[in-house]
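One chain, subunit A, appears in both complexes that follow, with subunit B as partner in the first and subunit C in the second.
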Partner chain A sequence: MRKYLLRRAAFGLSTLIGVSLIIFVVLRILPGDPLVAMFGLEGFAKLAPDDRARIMEDLGLSDPLPVQYARWMHDITTGSLGRSFFRGEKVSEIILHRGPLSAEIGLLAVLISWLVGLPVGIISAFRPNSLSDNVARSLSILFLAIPGFWLGMLIVLATLFWFNYKTPLVVVHLWQDPWANLQLIVGPAIVLGLGQGAYIARMARSCLLEVIREDYVRTARAKGLKEALVVMRHALPNALLPVITLSGILMGFVLGGSVAVEQAFGVPGLGRALVVAVIERDTIVVQNLVMLYAVIFVFINVAVDLSYAWLDPRIRYR
Partner chain B sequence: MSRHADLDRRTFLKRVGAAGAGAVIASRLPAPDPASAQDATVKADPSARRGGTLRFGVHTAPAHFDVHQSGTVANIGAQSPMYDYLIRRDPRDGQTIIPDLAQRWEISPDGKKYTFHLRRGVKFHDGADFTAEDVKATYERIASPPKGVVIPRTPLFSAVTDIVALDPYRIEFRLKEARPRPFMLGAFASGWNIIVRKKTLEDNAGNLRQVMAYPGTGPFRHVSRKDKEVWIMERNPDYWNKGLPYVDRLEVYHMPPFSPELGSALLTGKLDYGRLLDPVSWRKAKETPGMTAAEFPQSVIQAVFINNKKAPLGDPRVRRAMHLALDRHALVDVVRDVAPMLVGGFVYPFHELSTPAAELVSKRLGYQKDTKAAVQEAKRLMAEAGHAGGIKNLTFLVRDAATFKLWSVAIQAMLKETLNIETNLRTVQISQWFEEAAAGNFDLGISAIVSTLMDPSDYFSAWYGKDGPQNYSNWTNPAFHDLASQIEREVDDGRRKTMVRQAEEILEKDPPLLPVSYEKIYDAWHNKVRGQNPSTFFGIYDVVRWDTVWVTS
Partner chain C sequence: MTDARVGVRAALAVGRVEPLPERSVTRELAGFARRNPMAAAAGLVGLLIVVMAITAPLIAPSDPLKTDFRRMANPPDARSFFGTDQVGRDTLSRVIYGARSSLIVAFASVLLGTTVGALWGVASGYLGGRFDLVSQRITEVLQSFPDLILAMAISMAIGTGMPAVIVAIAITRIPFGNRVIRSVALTIRELAYVEAARAAGGSALRVMTLHVLPQCVAPYLVLATAHLGVAIIIEAALGFLGVGIPPPTPTWGNMLADSLTSLVPHWWLVFFPGLAITVTVLAFNLFGDGIRDTLDPRLSPAFLRMMAGGRRG
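Coming up: the complex of A and B.
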């Protein structure tokens, strides 16, 4: 087990180093510079070339790329994550302030996806080609096809025009005001959760369709067990493995999707901070936030791998 | 479409008339003598209600905190309430120049000395006394920035040779040669030129980019700030202008301009006042009982630049033909749901020195609703220039923004249909646009450029001057440059106006760029907000202090 863990950790670490290199290089070869955001159109136009060079030097962007990369790695290891180019704010503070909101959205989205996707998958699998199956399949295809940010915008407009409602404008943490906090996270979580729930429903349905034809399910039914017990105790645990794997992968979609969905809902989470940082070309903030997303994604997938043994005793790590 | 177009035109004409009248009245006003200047200081209104919170939504968060170095409303919209200027635009009309930290001022008969008499007893938010040394340090920084500091307003004070603190409450600006009074006073009253403490500048080596909430003398004091969310300020109880401000707390929310997010926050009552609203939200606010909406011009021109260094675009006939081929009313309409715009030429159409907008759109070729005559002339010019068959393969550099993308497609079609000029669109991100434009990697390029003042002397050199920083077309015209230089020095208003009209004529015949439209600003507020109506304001940079605004509940 320990050997397996170390192997997975090493694999995760090498993935993260690769990701960090890609982020770092891409951000530096992309055209455009942050001085437009910093000085505005008029100011930027009036910057003399040597002033531009001096300011880029002050920002640390004139150093050789290996030096810049080493500095970033040093910042990561010390936990400071550097500071925003512009206002000098610590990236770690941005993450601590906005991260909880995005984390809540992610967790609630996963919860919603399971709460919606699993029952729909079970109903579809146990009554194949019935009306409920057809409805469930149609809905799941619909939610797979609809982009989250578009659905988000529709919800925002509908609540605005029908109920004259708008979510709070600033970050409100769960411990500050749970009701206001819920208002902020519920919209994005539902949109992201329904999108993922559709994947889970389809995966759960196909896995269950395979499992319920197995001998042990037939045996359970032959023993006279109630259908609910057959599903919950015998069929579902064996069908869950691929669904859990899928959930791990979908977490990446939640992270990526949250950027657009937070923007659509106007939720001041990390995704929104990332969008603004990209617009401003605040390289330090962008690279650290993307790295954070990568770390979370790798961590979740390692955790998913480890969960297999717990769910299926036949699996042993080597 | 026609209904809205009529409405827009009518509103536009009314506005131009009002602005023109205001400008004429303003131009007749003499420089205030000590007594009248003192009287003009904005006073607390006894009928105004004290207390409450004003929630103002404006623009995204500033990229840094140095107002002097900034060129965006992201700074001025949030930070202005904490600072004062030497003199200011009257918040009641947005135009008349009135005393601020300078109680009164004198201009020497030869126009080379501006002496300001400062208020006594004014304190910075950190308790320090305000003196002429602070004004001197502020303006020396603006007129001659230290290394590593870039201030877009520096050229406004290019004629200033010395700034002398005569005593703690008198400061004198000495000019090498006289400049038009409206220009100089406009420069001093610019909202960008906030007065900061000398010690603040010294402590930070003259660079305030990363210094949040450095002390000002303004009506509001910093309380807290959450990046990209909100900046909260409280009433300054020691404000020199007794009785002001009215509200106890000011919350400035950073929201993307022209966004549904800003509009929805205002319409749902999460904000009391919204600036830079998108047209859809603004129209909704206008129809909503209990809300008021206003529009006013902004100092931004949207234009197509033409690379004069590339044949055949160096030929003035080709450029004028392209200029005449644009249906500007259609272009304004194309973006009507994205951003508010109005038709104009090479000089701000709402400024008293330019050809009146009504005359422009009714008489001048290229600005009329009926484009037949303009297109006919454009075709004739192309034939005369030897391009009757059109021009192929021009690169059209487009800035990645909703308005520019819409316009570029429309302009591409207009040029193709009328003159058989074929363009290939290349859309790039904003900073790349400026890099490519500066490097000359384009044939046509569409973007927006701004100025600090509406006065032509501020932007003639920057936009159209030889080697001007925003002259992306690389345009030169010796006759225009000579005239612009004279306009900069001409102190007689009448003669100056005549010269500006002559300059307009040159620009029409030999266009440095193709004016697409001028930006308007859409503001709206709930009627509980009193004491401000920006309908007569010129731009969003000079009146953003909220000291004379109150809330009824």
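Coming up: the complex of A and C.
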């Protein structure tokens, strides 16, 4: 197991190096002059050549690209991630201030997706083509098509309309005011959780349907076990493996989707920071936040692989 | 005499063997509709949306860009069924025109991304070796970004506007095409006829294009239809976040973003563009499921897993 762990960790690390290279190439080499991005074409034309050189120097953008890349890597390992072009805010501060909110949303969303998706999938699989199965499947197909941010906007509108309620607009941490914090995260978490829950229900259903045709499930039934026991003890553990993988992949959807859903709910999380930075063309912030999202995603995938190996010994020993 | 006649008649009958039922397009479509009524209905809805987008200037009740300051933020009524926005533009017309940008972006990006991914997948599956190894690593890296975030970063780098959005979404689709088609190419490479082609002295390029590629068409189509819905949602999300196709061109995404400019959003400005997205994505998804069941039923479970990342083990 340890060898497997080390191998996966090394794999994840090498992937992240590739990720950082892509981010760097996309954001530094493609867009042309960062000053044009910052000041706009007209603003750029008004700048004297000396000023241009000085600003580039200040931003650390006049060094050769490999040096810039090395400095970025160094910054990442030391945790000081540079400053925003516009606000002078430290990127690490943005992350520490807003990150917890987005993390809570993500975790709660995953929890909701399992709590909703798994039972629905199980009910569907054990009464295939029954009314409840058809309702569940139609709902999951519908939820796969509804954009989360739109659902979020509708929820915001509805609560505003019927209860005249609006969520707080500033960052409130769990340890400051749990109740206000919950109000901030619960909406996005439900929207993201239901979207993922639809995938999970679909996957759980199809995997369970595959598994319950297996001989050992028939044996379990033949020896007179209660149906609930057959499901929980025998069928479910094997059907769960692909669902766990899917859940890891779906974290990518949650990470990506949370950006739009946070915007819809007006939650001041990391996603909002990223959107603002992209619109302001704040390269340093974008570069680090995108990297952060990728790090989290890769980390989750490695964790999923490990849990997979832990649940299924065949994988460990390959 | 009579015997001979019977013989002749029999011969004639043999000569006039009933031809096999023709594989006409209508017959195929009818068969598809019978087997997958849901998918056929969805396909019809999808087709209607495409027609709506193409004929937008003919069917839209008014100019989507024409402002009317006497009718600002009007709720739905007899003159504008979906209401008007903050500067009096007709929401129905804007939704109809919005279909154009959404569909163009979705079709172009899926076509571009899936095709590039598929060709790449054929090459890496067939050639194997170091090329395959490097390709797999690049795919792995590309898939380490959440879709929307990668699309945001790319469209930030290459600028807003339709071509940028198309390229940004296309790049997020490449890994899927690559992975699925690579696995297909891996199995086809081992088939006897491919080996025969190689033995006959066909170059790698020739074998790939003439013998491997045609076998990848069905999975390619399945993959492409499956990703149309995703592409539409990403496009809408980019528009909503203000990094997609910029106003005044109406897109469903930037209409939703526009609705947020008033303190209390008007419900019709939120509801109708989002409904358009949902209906379109639903239609394409259901149609895609039907295509998958028809073209390659064997693909389904493995395909699902592939879509879920195609992990080793």
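Going forward, the second predicted complex is superposed on the first by the 283 of 318 C-alpha atoms of A that agree within 3 Å, B and C clash if a C-alpha of one lies under 4 Å from a C-alpha of the other, contacts with A are read in each partner's own complex, and residues count from 1 in each chain.
The working rule: a contact is a pair of C-beta atoms (placed from the backbone, for glycine too) under 8 Å apart; a residue touches a chain by one contact, two chains touch by 3 or more.
Computed from a predicted model, the values in this text were never measured in an experiment.
Touch criterion met: A:26 reaches subunit C, while subunit B stays clear of it. Of the two partner chains placed around the shared chain by superposition, neither subunit B nor subunit C is touched by A:70. When the shared chain is aligned, subunit C comes close enough to touch A:245, but subunit B does not. Of the two partner chains placed by the overlay, neither subunit B nor subunit C lies in contact with A:135.
When the shared chain is aligned, subunit C comes close enough to touch A:308, but subunit B does not.
Using the contact criterion defined above for the overlaid structures, shared-chain residue A:9 touches neither subunit B nor subunit C, since it reaches no partner.
In the superposition on chain A, contact of A:160 is made with both subunit B and subunit C. In the superposition on chain A, A:146 makes contact with subunit C only, while subunit B stays out of contact range.
Touched residues of subunit A, counted separately for subunit B and subunit C, are more numerous for C. In the superposed pair of complexes, A:281 makes contact with subunit B and with subunit C alike. Under the contact criterion defined above, the residues of subunit A that touch both subunit B in one complex and subunit C in the other are 31, 153, 156-157, 160, 281. Across the complex, subunit A meets subunit C through its residues 14-16, 18-19, 22-23, 26-27, 30-31, 141-142, 144-147, 149-150, 153-154, 156-157, 160-161, 203, 206, 210, 242, 245-246, 248-249, 252-253, 255-257, 259-260, 263-264, 274-275, 278-279, 281, 286, 290, 293-294, 297-298, 301, 305, 308, 312, 315, 318.
Put simply, subunit B touches subunit A in their complex at residues 60-65, 69-72, 74, 147-148, 150-152, 154-155, 209-210, 212, 226-230, 253, 255, 260-261, 264-265, 267-271, 428-432, 434-435, 448-452, 462, 469-470. Of all residues in subunit A, those touching subunit B in their complex are 31-48, 51, 54-55, 58, 84, 86-89, 94, 97, 153, 156-157, 160, 164-166, 168-171, 266, 268, 272-273, 276, 280-281. Residue ranges on subunit C touching subunit A, taken from their complex, read 137-138, 140-142, 144-150, 152-154, 156-158, 229, 233, 236-237, 240-243, 256, 259-260, 264-265, 267, 270-271, 274, 277-278, 281-282, 285-286, 301, 304-305, 308-309, 311, 313.
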